[in-house]
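A, B, C and D are the chain letters, set down in written order, and residue numbers restart from 1 in every chain.
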Amino acid sequence: MRIGVFCSGGDAPGMNACVRSVVRGATSAGHEVVGINRGYQGLVDENLFLDSLGEAKMSARSVSNIIQRGGTILRSARCQAFQTEAGMQKAVETLEKFKIDGLIAIGGNGTFRGLNELVERWDGRVIGVPGTIDNDLVGTDYTIGFSTAVQTAVDAIDKLRDTAESHERLFLVEVMGRHSGYLALYTALAAGAEVACIPETPTDIPGMVDHLHSLQQTGKKSIIVVVAEGDELGGALILQDKLQKAKCSFALRTVILGHVQRGGSPTPDDRILATRLGDFAVRSISEGATAMMAGEINHECVLSPIKDSFSKRKELPKEMIDLLDRMSK
Amino acid sequence: MRIGVFCSGGDAPGMNACVRSVVRGATSAGHEVVGINRGYQGLVDENLFLDSLGEAKMSARSVSNIIQRGGTILRSARCQAFQTEAGMQKAVETLEKFKIDGLIAIGGNGTFRGLNELVERWDGRVIGVPGTIDNDLVGTDYTIGFSTAVQTAVDAIDKLRDTAESHERLFLVEVMGRHSGYLALYTALAAGAEVACIPETPTDIPGMVDHLHSLQQTGKKSIIVVVAEGDELGGALILQDKLQKAKCSFALRTVILGHVQRGGSPTPDDRILATRLGDFAVRSISEGATAMMAGEINHECVLSPIKDSFSKRKELPKEMIDLLDRMSK
Amino acid sequence: MRIGVFCSGGDAPGMNACVRSVVRGATSAGHEVVGINRGYQGLVDENLFLDSLGEAKMSARSVSNIIQRGGTILRSARCQAFQTEAGMQKAVETLEKFKIDGLIAIGGNGTFRGLNELVERWDGRVIGVPGTIDNDLVGTDYTIGFSTAVQTAVDAIDKLRDTAESHERLFLVEVMGRHSGYLALYTALAAGAEVACIPETPTDIPGMVDHLHSLQQTGKKSIIVVVAEGDELGGALILQDKLQKAKCSFALRTVILGHVQRGGSPTPDDRILATRLGDFAVRSISEGATAMMAGEINHECVLSPIKDSFSKRKELPKEMIDLLDRMSK
Amino acid sequence: MRIGVFCSGGDAPGMNACVRSVVRGATSAGHEVVGINRGYQGLVDENLFLDSLGEAKMSARSVSNIIQRGGTILRSARCQAFQTEAGMQKAVETLEKFKIDGLIAIGGNGTFRGLNELVERWDGRVIGVPGTIDNDLVGTDYTIGFSTAVQTAVDAIDKLRDTAESHERLFLVEVMGRHSGYLALYTALAAGAEVACIPETPTDIPGMVDHLHSLQQTGKKSIIVVVAEGDELGGALILQDKLQKAKCSFALRTVILGHVQRGGSPTPDDRILATRLGDFAVRSISEGATAMMAGEINHECVLSPIKDSFSKRKELPKEMIDLLDRMSK
């Protein structure tokens, strides 16, 4: 087979590890690999990855020493052109021109919506691999990049805790997550934060203030509130304002972590997940699978229909929300 | 209830997060907590954790700001005295004197053997929580500390790879694991190492040299071989010698990571696992469980007989060994 | 002597290392040390550090295992009460009540203004130690905390560069520095940023856009602009807006690092500087110095009048600004 | 001018930052740059760095995004062939063949001895830049790589301290430094170690044991002894043996940090020093300097005769040794 591979959407740590795995898994099995630069845009523009000899081919050496790098050597993009019928036709032409039989796309739900369109216009096989820091895709316990984003956010909060303790302050820390509270909840649990404000649960300001005041009476010196950017009351700055108006007695400060969460050397977990899923995607596609997403559920590699990944809502584990409450003392 | 908690055996990152969780989970449910210093030794010596007022009691404030710290505020030890009948009797007397009804012990298989003895001599309830970097305990997918140890080893290899690439060398990196290859295998996968030498599989020197030479011919500049200290051929220095004798054409260097692997701020994974299991241990013990280990299997908290944890052998996933082979190109 | 020590103003990484050094340097020389909590506020409130026996005394053991911790065990505060004559009188009474002969204050220019007032109202000796991430104090090459703040900002930009390269973007990164460009300039140099916008030099938007476009034509894929919060055109968000209006052809994103820069485990440089200056402050005060700041110039410990530290302006090295220009290619 | 640049000897973090600076400083001034792979070996073998078009030329783009990487893209080597007259002649021929007028070599004292030989056989100009983790070169306050090596060693000891405290142990930590105690002494100061054993001072075992026992009596739970590999009594394992025989009452463990110290992303200090010295080397060579080493003394760039760098002994600051003693309480 001749397998194409690209990254699309917001970059996520571990994408490089996944590209490496696709290339090595495929060449181990005797397939050829073509890298496409800048996601769908590269399909529209015929922008292919060239090796050191200038050939549109990826070999084991093309992916040496990248498992530990953030970002992606194939670059990524959000592509407007592909949203049009003409763009999609152009992408199909590129796939045919370069005789690609199977396509592996690493990205999030926007990427997978695109794959779904492609499937209806192209005969080749298509597999998605979940690469996004949001962990908002059904069909896998964790997405590639989530573990590193939690690590980055927790590292930042560990630093803020030093100042919070020294100055007896409350910090509101905004993390990514427009529609999902996964990143906020896991960050809060691991950082020992007192509160997580997430889209999945109502944020009750008077209740929160009462709780924080009761903590203060037990001698608590500092408070960390983790806020998902998609919390239904708004981001951290809006919450700071509401807490002030509700007469919260702590001195308040807000930090918005922003794009730092997308970068950095991937954690071992993300590298292993990416390696496993890339290899599994190659084996699946060569066995005939198509229109599926490769995921890991209960430590097993599994396929699920690509449509499920963006049409179904991934639930947050209620147990973890309760656990945070019990720890907030 | 009055719950005692201690750490025992080699320390593991996340033990503090687990102590915090036991204390907060227990006090949330209305129980009292007594901390015992230095594991079984503290039971033999009546060495209890004193709060800032000098009382033998742990409150939510006793465990503030420790979730991110390596080591353990309760200290740990390997205790000779407890190995004798007299020592065990003394430990039982201490438990009775301080009116402890339930005991939660965080440690590895030595710790759990001790619990098993205690169960036969004491009426109270006993729960073990798996805290060891070796991940060698049946009854849980991962042990507390394993994730951080992998991270530490991978960080070290990322640094070595810089030198290995610059100087075109092979590094043998010895990691902990006297009886288990988990740490070596996961480190190798995440670090992009070419070979893992582990107790579970035979190490074939001529085959390895052939493989390395074939990699060299494809242009590979550097090689990383991760060696479990318990590999059946011996540690990394012995392997270096054998590779030299087998005329391996790479320049060889050995690094033994040593105790650095036991320390450091725990990863988010270890903090969350520790938090979950500490809280689950409290809930289990208050519901009547005893002689069980609290573990996490397929993301669910589960209890299993404490005896299983040290009498059964935890298998390495064969799939991961094969995956490493396919990536080693 | 009986030496008092406190931290005041914004916390800075290395304050703990400095407190440790004051305590150990003083006790080595036979002096007693009293810790004051929360800066001037603690003097006003008689809020002293108590050791494990409840005594208002710091011993070598009080400062064990803190050299690596961010924040400060003495806590810090900005004190309103001390700004009044009554507050200052109360502080003097506390110093006399506890028979303190010498006072060592770790902080920035606000702290030193306070010391200057104290000197006029109290007979004891007074030494300041420069602890602030801003490096804006005359009388020392570097202040305690600056090195760590640069490290934190550079780490963040290393992560952003991954995304910037993958998405071919320009990131504006706002760092602290209301009146000084030190942090922005050193961060930019170390992070390989293309531009630093600082209060000391005019920010020329059309010139910057021309320069960035010329870089783009040489194949440059990503741009990092470091912005001091005190840049004369305003912070990073205002600059983003101005760049957009000036038709900058890169996709623009802004990240505001915020309080994360104040925390974290101090770098070796900050730990050594803090250790050296704390010890030097003790030796100076015991030899009779007063109303001076302890600093390090050309690797030598030196004293300079405390008034200079806040009344004179510290110049940025012009050579470093030119160097950044030559590297921006 | 046409400037050649290479790295030689043991790699040091910051070498890439220095190569980047040489290339950008030179091209800013209108010079051409040729990269030589693998140090002197590349001169002997005509092994030049090729850009993406296959030309033996380095441009600003050749060094994009490397300031943060450990190792060196030019690779490094210790070269036997250059030790012979024939090898040196071959190197001179290569320099002439590629019309190189000036050569900038980044490395340690072995590298500079080589430059000294070259100067006698070749008409071009020659400048050395100090790149070695040992900080053992006269003519500069610090060498490129030293700061990062200290950081790596201190990070490791911070982790070991967790275990040392938890288990009440003494760790001997061996760091690099065959002839110089700089790395050991600065690591010890920054890590809060109790003792540094270095080549420059006699190691007195009975005195050390007495001191450690007196610390133990003040309640000290853990001890860190940093040992330079070149300490006159031998490395850490020999010292462990001697301490045991001298009846040291702490439980002893040894960790040998090894090659990990050479790798890793350079600290901001190393990046800035490397950037400054690379640029200064270019300006010096274009102004006619030769047979000199570029260094930084008291924050100023200075040239000193290349012979001094390896023929004179760099003294350790006695003041820092005394400071460590006062802190060891």
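Remarks
Operating definition for what follows: a residue touches a chain if its C-beta (ideal position, glycine included) is under 8 Å from a C-beta of that chain, and two chains touch if they have at least 3 such contacts.
Everything numeric here is computed off the predicted structure, so don't read it as measured data.
Shared contact partners of subunit B and subunit D, listed by label: none present.
With every chain reduced to the mean of its CA atoms, the largest distance from subunit A is reached by D. Homomeric contact subunit C/subunit D: same residue numbering on both sides for over half of the interface positions. The distance from the centre of subunit A to the centre of subunit C, with each centre set as the mean of the Cα atoms, comes to 35 Å.
Centroids of subunit A and subunit D (each the mean of its C-alpha atoms) stand 39 Å apart. Per-chain CA centroids place subunit C at a distance of 29 Å from subunit D. Annotation for subunit C: residues 158, 161, 165, 221 touch two or more other chains.
Chain-to-chain contact here is organised cyclically: the chains close a single ring, every chain touching exactly two others.
Pairs of chains meeting the touch criterion: A-B, A-C, B-D, C-D. Per the touch definition, subunit C reaches subunit A in the complex via residues 7, 11, 13, 15, 69-72, 75-77, 152, 156, 158-163, 165-168, 171, 221, 253-256, 258-260, 262-264. Those residues of subunit A whose C-beta lies close enough to touch subunit B in the complex are 20-21, 24-25, 27-28, 60-61, 64-65, 67-68, 141, 147, 150-151, 154, 158, 161, 165, 186-187, 189-192, 218-221, 265, 267-269, 271-272, 275-276, 279, 298-299, 317, 323, 326-327, 329.
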